[in-house]
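Note that the chains take the letters A, B, C and D in the order they are written out, and that residue 1 is the start of every chain.
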Amino acid sequence: MELNHAILLLACPDTLGVVARISHFIFERRGNIVNLDQHVDPEEKMFFMRVEWSLENFSIPLSDLEEAFAPLAKEFKADWKIELLGVKKPKIAIFVSKYSHCLLDLLWRIETKEINCEVPLIISNHPDLAHIASQHNIAFEVLPINKENKPEQEKKQIALLQEYKIDLAVLARYMQILSESFVEEFKYKIINIHHSFLPAFIGSNPYKQAKDRGVKIIGATSHYATADLDEGPIIHQDITRISHRDSLNDLVCKGRDLERIVLSKAVRMHLENRILIYGHKTIIFEA
Amino acid sequence: MELNHAILLLACPDTLGVVARISHFIFERRGNIVNLDQHVDPEEKMFFMRVEWSLENFSIPLSDLEEAFAPLAKEFKADWKIELLGVKKPKIAIFVSKYSHCLLDLLWRIETKEINCEVPLIISNHPDLAHIASQHNIAFEVLPINKENKPEQEKKQIALLQEYKIDLAVLARYMQILSESFVEEFKYKIINIHHSFLPAFIGSNPYKQAKDRGVKIIGATSHYATADLDEGPIIHQDITRISHRDSLNDLVCKGRDLERIVLSKAVRMHLENRILIYGHKTIIFEA
Amino acid sequence: MELNHAILLLACPDTLGVVARISHFIFERRGNIVNLDQHVDPEEKMFFMRVEWSLENFSIPLSDLEEAFAPLAKEFKADWKIELLGVKKPKIAIFVSKYSHCLLDLLWRIETKEINCEVPLIISNHPDLAHIASQHNIAFEVLPINKENKPEQEKKQIALLQEYKIDLAVLARYMQILSESFVEEFKYKIINIHHSFLPAFIGSNPYKQAKDRGVKIIGATSHYATADLDEGPIIHQDITRISHRDSLNDLVCKGRDLERIVLSKAVRMHLENRILIYGHKTIIFEA
Amino acid sequence: MELNHAILLLACPDTLGVVARISHFIFERRGNIVNLDQHVDPEEKMFFMRVEWSLENFSIPLSDLEEAFAPLAKEFKADWKIELLGVKKPKIAIFVSKYSHCLLDLLWRIETKEINCEVPLIISNHPDLAHIASQHNIAFEVLPINKENKPEQEKKQIALLQEYKIDLAVLARYMQILSESFVEEFKYKIINIHHSFLPAFIGSNPYKQAKDRGVKIIGATSHYATADLDEGPIIHQDITRISHRDSLNDLVCKGRDLERIVLSKAVRMHLENRILIYGHKTIIFEA
């Protein structure tokens, strides 16, 4: 695990000297760059960069870092953010309904430190998975949803996210659609798993749709939740082969193995600040 | 290569004794079953089977085989066909426009005997690939297509397919849409390659569509051509990973490697009589 | 889940009429074949088959089935066994050391009924995973192993397997090597997971070996345990890509996702009687 | 295609300021960095980098570039080289025996500009593929090899490589082993394809070895040729699934699809200066 690292994510129009000037900024303050990954999109004429540096001998206080960097960013007309790794653990809330596989997989990866975060809160519209929360000493809030109570229940959900100071909400096969206002309030702070290879089989019952169409491969897609359902920036996708021998239940079983891996990877990429969103697409700076 | 084998493809309502009765039919006539693959769809309550047997000591003339089998098939209310392998080579025609990769790949596999057939005819709407036809001693017919001449040119294409006694037409990145009547005339005898993971990105420029959507995986799909474009029974699909670093041209390059493998496999499966079509889906009896 | 099915696994020299005669045997007794998969190895001139049939209207008692079939099997000089599905649940014992991922994955698949068996017993040489056994109400027996006590501890292990009437032992990253006599006593009833793509990186620390060699892909292999370590019949393998960026710990993390999937699949194939062993190789009749 | 780009490949002990100082060096001379990819190996405490910059407005002559950079490299105790893209096309020689698939694939990718190089020379120990060379207007030199004439024939091969000013030799299923002195003379300038997933199945007949062992996956590996056969730095690997149904010939067919893709990718990576060799391993800076 990287301890006491700073990470800069930056997007700006492509210009001469961005790498040189920014790496010099860090070097001047005695930051040791451990990872620099950049990409120029020649069609968009945009420059994208992720820089990670050690704060071990960093010569300015962290509280002054953003202010110190702002003038340079302004000069490059950049969208940017700086995140600190290792200073404090990010907190995630996991939303579930009745399926346990994504939840269990996330918890296991967090406990083995493959994903570095805390899970103080699980929110569900059903009580079924309470025992898992209890085994892991996590608060479990049941908020059943129907057409009438949805606005009111979402208010409670938002209040819980604020109370627990949640940095990221993970929809781990949560079978409810969040309202536009909820999604806007936590823009790019909600990750969903859709059990198809988007944009194929948008909407409900994608495995049923896949079986009906007779495809030979099924998939899963993790993406940021946006107001347009299943249209958010895609983070990760994976697939597996199927054949005519597979029943709908076989598809569900095979799909579960994809869903948990695809969702967990997205959560990790997000928490390691490896995702830069540009337009409605993501740039993933892989480890 | 299997020489002098017969292959029965059969679909019927699931009943007691189909395997026993049919394998007995073959055994009685001294056919040695080298491959039997069957599948029961429990939801549709349908039975599907492919049986391949050696004709080495077969006790009845091939010309009598279909008549001999017909009563049994009728009893089971079966859709069925019997094909012979090794008796005569099937003939395929390849339709192309300007891209050579699928054509070259098919020709190479045919020459190495990975695919067992003859290619007497290549049809194109452009003259660009004439040199390849010439290097391989294949007739190359250029039939340019525009809105006005399409019906008339298709008539010529159909006449060519008949003249050359073509068993299967392969659309190897042929950039034209065949008319409904053409497709009907050669029902399930035309295989197309679509350069996306169907049903995602139906229609034109699927790589452009994929880039615009920001997917992390692209694919290719081979399918039987039907009147509904890109809706025919899917035979084979494959995918490859892409990232934000890939330009549109990179997608095209990566996609070409998929297209040629996915199309060639479909052609081979068809020619080995491994594909049974039921409804708008395929059952593929893999080797 | 199939209830009340019989499964015949059979290997014999390739002869005329095996399918016909055996399917007739089943048909005569009113068994409805739901799955028949066979394979002829033309080099070995051997015939291999798996037949699964419904016992719903089967006309002879199960207790007479083996005796009834024996003469036919003898005629074909066959190695064979008949197993019943759904009559009683098979019992497995899971051997572990300190790693939880394979154990957790197996338990989760068993609880979701993806794998159909009972787990009455977990055996470990360390106490670390006792809490998992306890959460799932499974007996947890700690038998620490060292050079001196190994024969004696193995006797206790064998006694436990007998006491619990265990049908299959699964070594879920159990870090000890079983003695030759142990393995012989449970021949082809012990499945192991090796964390490499066998036969590459046999022995200890395969991830370290992989990193040192600079391979671009790592793998995992499930196989039957035999006296020759890592030389048993291979059941299933899978791989994942790595790069120079991956530390040894990254390899371990990526490998865990392979190990659990590759081991669970092997266990499922075994319990569904889909594995026929011939020589030191397996024939897997895939679902 | 990138035109007129310079590429620096550099390895040095990890120190503060390498990125900053080097990117500043380029920036000062008005080079626009289009790609910078670096990696720190925390165990080896080594820093590795690939920087690619446009020479459009570069302020110093290319002939002075290496001299100008040398002092900085010396300060960092770096191994380094600078290559130019687009200034002149690299020249490759392809060594073949009787198999055409890797040769055809390379030629096709070069003609479609997926790989940017010239092929003035094909060397073979058999005359079989002469027609392909002739169709593509490439010199084809037949140098049959046996125990006695090997040293003398290798001298001729080396002379040919020098005469044609060859930058890279590609062993495209060339069935001969090059002598140690040959390999040393063209150190890291010879790429080989081995038809197995190294280090599994080193040596001859790897598909036979794979079939005998009963593996469920086969692979192919491209690597730099070194004196130790099949032990050179690995560049790229890929795999495909097989089953008990696959005959040895099926393995050969499936393997061919791997071999050509794995070899072509290695050649492209090399020619784009994306490969840094450290110890006996490669660091691949992916596009």
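As a convention for this text, a residue touches a chain if its C-beta (ideal position, glycine included) is under 8 Å from a C-beta of that chain, and two chains touch if they have at least 3 such contacts.
This structure is a prediction, so every number in the text was calculated from the model and none was measured.
Student: With contacts defined as at the top, give the pair, B-D or B-C, that has more of them.
Tutor: Spelling it out, more C-beta pairs touch across B-C than across the other pair.
Student: Computing the C-alpha centre of each chain, which chain sits at the greatest distance from subunit B?
Tutor: So the farthest one, by centre of C-alpha atoms, is A.
Student: How many angstrom lie between the CA centroids of subunit B and subunit C, rounded to a whole number?
Tutor: Distance between chain centres, rounded to whole Å: 37 Å.
Student: Can you list the residues of subunit A that touch 2 or more other chains?
Tutor: Expected reply: 39, 245, 286.
Student: Okay, in this complex, where on subunit B does subunit C touch?
Tutor: Per the touch definition, subunit B meets subunit C at residues 16-21, 23-24, 26-27, 30, 32-40.
Student: In their shared complex, at which residues does subunit D touch subunit C?
Tutor: Result: residues 39, 41-43, 48, 197-201, 213-217, 219, 233-239, 243-245, 247-248, 280-284, 286 of subunit D touch subunit C.
Student: Residue numbers of subunit C touching subunit A in their complex, please.
Tutor: Going through subunit C, the ones touching subunit A are 100-101, 104, 108, 112, 114, 135, 245-246, 250, 253, 257, 261, 286-287.
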